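Chains: A, B, C, D and E, in written order; residue numbering restarts at 1 for each.
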Amino acid sequence: MVPTSYYLVLSAVLFGLGVVAFVFKRNIITIFMSIELMLNAVNLAFVAFSRALGQLQGQVFVFFVIVVAAAEAAVGLAIIIVIARNRGTLDVERVDSLKH
Amino acid sequence: MQQTFILTVLTFLPVAGTLALLLLRSDDHLWIRRLALITAVAEFAISLLLLRGFEAGATGYQFEEFRAWIPQPPIHYHLGVDGLSLFLVLLTTLLTPLSILASWKSIDQRAKGFFISLLVLETGVIGVFVSLDLFLFFLFWEVMLIPMYFLIGIWGHERRIYAALKFVLYTMFGSILMLVAILWLYRITATAGYPTFDVAQIQMMLSNGTLTMPLRTEMLLFGAFFLAFAIKVPLFPLHTWLPDAHTEAPTAGSVMLAGVLLKMGTYGMLRFCLPLFPEASRRFAPEIAVLAIIGIIYGALVAMVQVDLKRLVAYSSVSHLGFVVLGIFAFHAISIQGAVYQMLSHGISTGALFLGVGMLYDRRHTHLIKEFGGLATPMPVIAALYLFACFASAGLPMLNGFVGEFLILAGTFQKHAAWASWAALGVIFSAVYLLWSYQRVFFGSITQDKNGALPDADWRERGILFLMAAVILWMGIGSTFITRRTEAATQTIMQLMQRPRAYDAGGSNNMDHPAMPVNGANAAASGGVANLVNSK
Amino acid sequence: MNEFAAQHSILIVVLPKVVVLLFVLLTALAYLTWFERKVVAHIQSRWGPYRVGPHGLLQPLADGLKFLFKEDVTPAGADKFTYFLAPFLSLSLAITSIAVIPFGPKDFTVFGQSTPLAITNLNIGLLILFAITSMGVYGVALAGWSSNSKYSLLGGLRSSAQMISYELTLTMSVVGVILMAGTFNLSDIVQAQQGFYLGFLPRWNLIGAPFPQVIGFFLFFTAAVAETNRAPFDLVEAEQELVGGFHTEYASFKFAMFFMAEYSSMITVSCLATILFFGGWLSPFPQTGIWTWTHYIPSAVFAIAGVALIIHGVRYLTILGRVVLPVLGLVLCALAVLFAMPGVPDFVQGPFWFLLKIAIFIFVYVWLRGTLPRFRYDRLMTFGWKVLLPLSILNVVITSLAIVLAQK
Amino acid sequence: MLPPLQDLYRIAPEIVLGAFGMLVMFLAPIIPKSRHGVLSAISLVGAALALAATRFTALYPGAAYSGLFRADAFSLFVHLIVIGVAFLAILGSTNYLKREDLDAGEFCALILFATAGMGVMAGAQELLTGFIGLEMSSIASYILASYRREAPKSNEAAMKYFLLGSFATAFFLYGIALVYGATGTTHLDLMGQAGAQTSATLLKMGLGLIFVGLAFKVAAAPFQLWTPDVYEGAPAPVTAMLSTGPKAAAFALALRILANVDAAGPLWFWALWAVAVMSMFAGNLGAIVQTNLKRMLAYSSIAHAGYILVALAAAAATDHPEAGIAAALFYLVSYALVKLGAFLIVAHLGGVGERNVEIEDFTGLARRQPAMAACLSLFLLSLLGLPVLAGFLGKFYVFNAALESNLIWLAILLALNSVIGAYYYLRVMVAMYMREPSKPIATEPVPWTLAVVLWITAAGTIYAGLFPTRIIGFAAKAAVNMR
Amino acid sequence: MTPQIAVFLVLAAMAVAGAVNLILQRHPIHSALSLIVVMVALAGLYLLQGAEFIAAVQIIVYGGAIMVLFVFVIMLLNAGEEERTNLSRMARYVGVPLGVVFLLEVAYWIGRATSHMAQSSPQAVSTRELSTLLFREYVFPFELTSFLILIAILGALVLARREDSD
């Protein structure tokens, strides 16, 4: 039997690492991946809570989150492809035509 | 009271005129001017009807209109005039057609926009003077900004954009705090169970004790209202927008600005600050008076050293309006009467001065004193009438300026002799700078060849100047016509300042008094006013 | 600790199962190459492997040795870690997926222990299977990318695009079956197909009520062929265009791993097709009345094969063949005898039919390769997205409608 | 097992929007590009029908789909805003699409889908449903932001919007997870009741994270960094939509949570306070130094988010949040009208490829196109908060709500910010009216579609400024029965 | 230590290691692989909690579809290694530890807040119950997700389409 809090701590750590990655990484794709990492952490929390509460709702939510993540991935990667095609770089700090 | 629509007509007739103007082709300058003039004159005529129907000596508001507008929060379309606002309305309706006439030739670019702005401005100003609902008042107060902004910004002189922005931002800064204060006041009425924005109602509730507010609140509210008005007046440290705005504005703009817009500030003090927050007014009076006196002297001194004629006139306004503020915050029935009178007379005389300066500008396209000299020779009519205006402004007896300043000084002297003596310096200075500048511009020999052949006033200009001169003279002689009608309003204000107050009984607040430098005068003021009112 | 002990006892059974299955699987993989080469050769009127051992039977062994001893070249500029990871991933995933395949009835009893005839019998076996196969793309993609070669990269891209595209159809085509069975458990899916129409037509999903999954099967099989990168969808290794596709730069045993992965997934897919559409281990014949003789079909088949092998073997070219082949034949005959012993046929039924069906599928695979020309890449994608996918969705819609109507 | 008919009535606008979105999407490849006006027309019909369909939600108020969705006056109000925005955005962008040679079909379809998402957010009574609505609108917005895909700025805007938007989404989701863990439900009404057994820390953390996520979406400081870039880079009609609809929807969701979850009020109050102040200053101070009109308007929209947040803070500060909610709703209407109009004018005047969107390019506009200049001035003045225009009353109600909750300092800070705001709005007017054009710019005639939109928005701005009774009355009604 | 906890620790370590590696790796492909490791580990954790269906979906959708897309795009764009983040020394020596401390603190608080919660039992959830919930109570969001996917498809089409193709 694993205490629920173990899962939640793990989820928090993963979410935090996702945030760290989002902040520190420079490649657009990797930044996007860090968002996926965060979503995964959320899913873990959902499942753990669902388990602890003896409900199934949490798992349904995970299902929705995954679908949303898939939709986001499709659009996000399409945007990234367009960016790469137009700018020839995937470094966020070089994609800066909007800075003044 | 019978239901009339005269105030509504008066307020919105100029807007109707602008709508008609919009239909004209924008290059049809002649008809644009004519239509604007017709509107303004019609407006003036209607305002004379107002004068005719006004019942002198009656307290309370006349020609009241009251209609529900927005139910939540309860905002009403409530208009009305009393002696205080009546003449300010008249002043506005008088100066507007004159401004239009003064701009007849000088505005040849985008004339349509110019006259539209002027007329909208008139609506805003009249609206401010006749609204009896705080919300409505604020609405007109803000609306009038934009046409003025355009007037300065589009048709002004070199630094017009800077001046226009400065003008608007200054005013807006004050007014937005006033909005907060208005809403706060509304909340106070709402917590008392009578939510309203109606000035008359709030005044009544305050005076009969239905509504009370803590002193701290009252002081804060007073501060917010007063700041807005003080910027508009402008009171001494807040005056810096004024020289720029006046100097850069076209003649009509300057006339309206100096003649009418500045009065909105003093009007607001009389209408709102004193009746709504009497205790706070009393407490701040010494400081305000000091600022007013500084303004009087400072304005005069700075005017003296100006090289720009228009700027000189502008600084003279700072000085003159200082008198008005002083008169108001002396809390003496006579000084307040004087303040009201000075508001009107300043509007006329400074208006005349600006019109004269404008005529010079039309001929030479400069305001610099050194560019002129000996102008009396080529243009005797303008010189004569300008001198007349100078005398009026300097407060020569028999002319309008004298009445106002005399009443203010007389009233103030009874309460605070020191204030009055300092302020009297301003009278002397004003004679100095006005006459000195006049001498440099009109007397002597013609220093510059260009000036020799300048044409004198044409019929239009003569009409304007003679009219102004006539009014100046009339106000100087027949001042009782006006004071009779303003008296009731001043009385009301004085009465409203006497209200039953819970905290007056407590000694704790009075503990502060010793710390104030002029506390003796202040204490005397409270008692004095009471005595005065009782004695009448 | 009680739980652990309980699990422990299961491990005793599971571990041998894993070992046996691995052994069988790896051997089968090896001999699949032989089988394929033989069949294709015969289709093309050639002999195929003939030299190494009788009928080239030792060819796989030789190939294996060759792979093992070849120099292992790593291309310059390759991303080492990924380069090594890719084949390993491919093979291990392909083999793992076999784990959930049931080869026989759920309650198969050995040594007194009742155990499913599968490594594990999961409630969501089918999903897990898809989960594992869906990860297979990485092997291909990473291999293509890490080799640092344009051919590989293009091959990798192509194949992963192809796999992603057809995976959709693959999954969708199965939904009809799942709807009809109402479970993801592979054993239960097979169980649901028990019974016969008119006394002899098996209730396999292929022809089952309420809506026969003929379209489903067709889609499934097409997608599966594409998914395993087999002809006619083997664009990845279109030699004329891309040399060897994603494994151009691989040599030696890493190359062999890819090969094994491919054949392993062929087996998996065949298993799946069998389970989902052809009744899995169920016999195609009823077990009652006039059909009881079908119990002995396994035995008979083995007997016939054994006898044929002996007859053929004694006349074989080489001496080794004359020894080995009859011995093999004898073994088959012995098995046939064993299967005919009382009680045994019941055990054998499941695995026999299951393996037979798989063998047929694998033959079809090879047959397709031998006969059909390769698709053009864009046609392949168009076909997948514009024909197969809509069809599969249609199939799902119709099936679910049919089920709802049948319930009412 | 179809849902009851009444449930369908309650989501009628979404159904109409979705159906027309799909219709347009399928027609897009069939109809030749030269006749894409037809698609816009169909989408307009769709939006109009959706507006009409809100009538159904008004007729059948109540919870739908086991309490996940709720049709009430509040959702109706927000629906009217977002669908109205969609209608005007589609109408106003027809000519832009033609000029920039963009496909109208997908554009309109995406706007309709996004609007459906916003509608879901407006009615969501459960966090996850709200989240999916949010995603529908966000994802469609990401695509719309990069709709000029040949333009690097557009892509970049989309990228930033996407990355930061998804980042915010993750926070929002994590918040939902924690709230779910704390209360055992994601239904807003049940969450209110679950108070007793909740884990306070977890609930606080969850609500905090939800707040962060929503703050991102409404472009509130310190989560506003994406706004200028995105608004500048996205095609102007899209910016017009982005800065209005989704913002309204996100605020709607925040208001729902605020009104239903008792714990949210006290917890969020200081956060709202601080975020409101930061947004106002960040927006206004940022806008002052801008030379690009689109960017300036973007900063101004940060500031306006701050103003609306003041209303939210006012709602959070008391037990009677009605005044604050009504003020926020009214503000949203006034803001949407104005921002929509302003950005559409920029879209038109920007010329091909949106090259002329610097404030410098607007010099002398009053001479070239007096009507446009007047219209833009009207909008700017409304943003500034000048009386007679809707913006003033919006601010007025916000002030009123703030003072009702005794947030005097907040009101004063708002007042200060209005003055700062005045500076840069007036600067644009200076350029338009008081300066001579620095370079000749060809003026295109105003297409009738845009003219209609501008007439509607301008008239609406004045109408709401003069006669707010009906709107504020409706908003007050919406605020009352949100539970 | 029960076997579950042992399994949990192993999987958790895997997940955290993957996440950290995602940050440390400089090539996007390696980051992607690390992320896949995290996802697989999480799938394992779902199985450990009896969420079989979610575990499978996690692998199929995340591992088999989303991450494949990532890898695919990285390959397609031939993205190179990212340049070293030019963090200032200050940021590296102060910011990173602070970030770690903050992260741990948040984790600690969440852990504390949930320590009273019931332990999770590994009993499997039936997919049937899950689907009943999904298609009855949550049918509305479910339908919405279909729109979401439609939007995504439309978007990918709009964005990735080349100009000459139409």
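Quick notes on this one:
Here is the rule we use: a contact is a pair of C-beta atoms (placed from the backbone, for glycine too) under 8 Å apart; a residue touches a chain by one contact, two chains touch by 3 or more.
Being a predicted model, the structure only gives us computed values, none of them experimental.
Touch-path distance (fewest steps) from subunit C to subunit D is 2. Among the remaining chains, not one touches subunit C and also subunit E. The chain with its CA mean position farthest from that of subunit D is C.
Distance from the centre of subunit A peaks at B, each centre being the average of the chain's Cα atoms.
Core chain by CA centroid proximity to the global CA centroid: D. Of all chain pairs, the one linked by the most C-beta contacts is A-E. One finds 43 Å separating the Cα centroids of subunit B and subunit D.
Chain geometry summary: the mean Cα position of subunit B and that of subunit C are 97 Å apart.
Taking the mean of the C-alpha atoms as each chain's centre, subunit A and subunit B sit 64 Å apart.
A straight line joining the Cα centres of subunit A and subunit C is 36 Å long.
Along subunit C, no residue makes contact with two or more other chains.
The multi-chain contact residues of subunit B, meaning those touching 2 or more other chains, do not exist; every residue touches at most one other chain. Contact of a single residue of subunit A with at least two other chains is seen at positions 8, 11, 18, 32, 48, 52-53, 57, 64, 68, 71-72, 75, 79-80, 82. Checking each pair of chains for touch leaves A-D, A-E, B-D, C-E, D-E. Remark: subunit A residues 1-14, 16-18, 20-21, 24-27, 29-30, 32-34, 36-37, 40, 43-44, 47-48, 50-54, 56-57, 59-60, 62-64, 66-75, 77-82, 84, 90-91 touch subunit E in the complex. The touching residues of subunit E, when paired with subunit D in their complex, are 109-110, 112-114, 116-117, 136-141, 144-145, 147-148, 150-152, 154-155, 157-159, 163, 166.
By the touch criterion given at the top, residues 8, 11, 15, 18, 22, 28, 31-32, 35, 38-39, 41-42, 45-46, 48-49, 52-53, 55, 57-58, 61, 64-65, 68, 71-72, 75-76, 79-80, 82-83, 86-87, 92, 95-100 of subunit A touch subunit D in their complex. Those residues of subunit C that touch subunit E in the shared complex are 3-4, 7, 79, 81-82, 85, 122-124, 127-128, 130-135, 137-138, 141-142, 144-145, 153, 156-157, 160-161, 164, 167, 171, 182, 184. Interface residues of subunit E facing subunit A in the complex, by the touch rule stated above, are 2, 4-5, 8, 12, 15-16, 19-20, 22-23, 28, 31-32, 35, 38-39, 42, 45-46, 48-51, 53-54, 57-58, 61-62, 65-67, 69-70, 73-74, 76-77, 79, 82-83, 85, 87, 99, 102-104, 106-108, 110-112, 114-115, 117-122, 125, 129-130, 133-134, 138, 141-142, 145, 148-149, 151-153, 155-156, 159-160.
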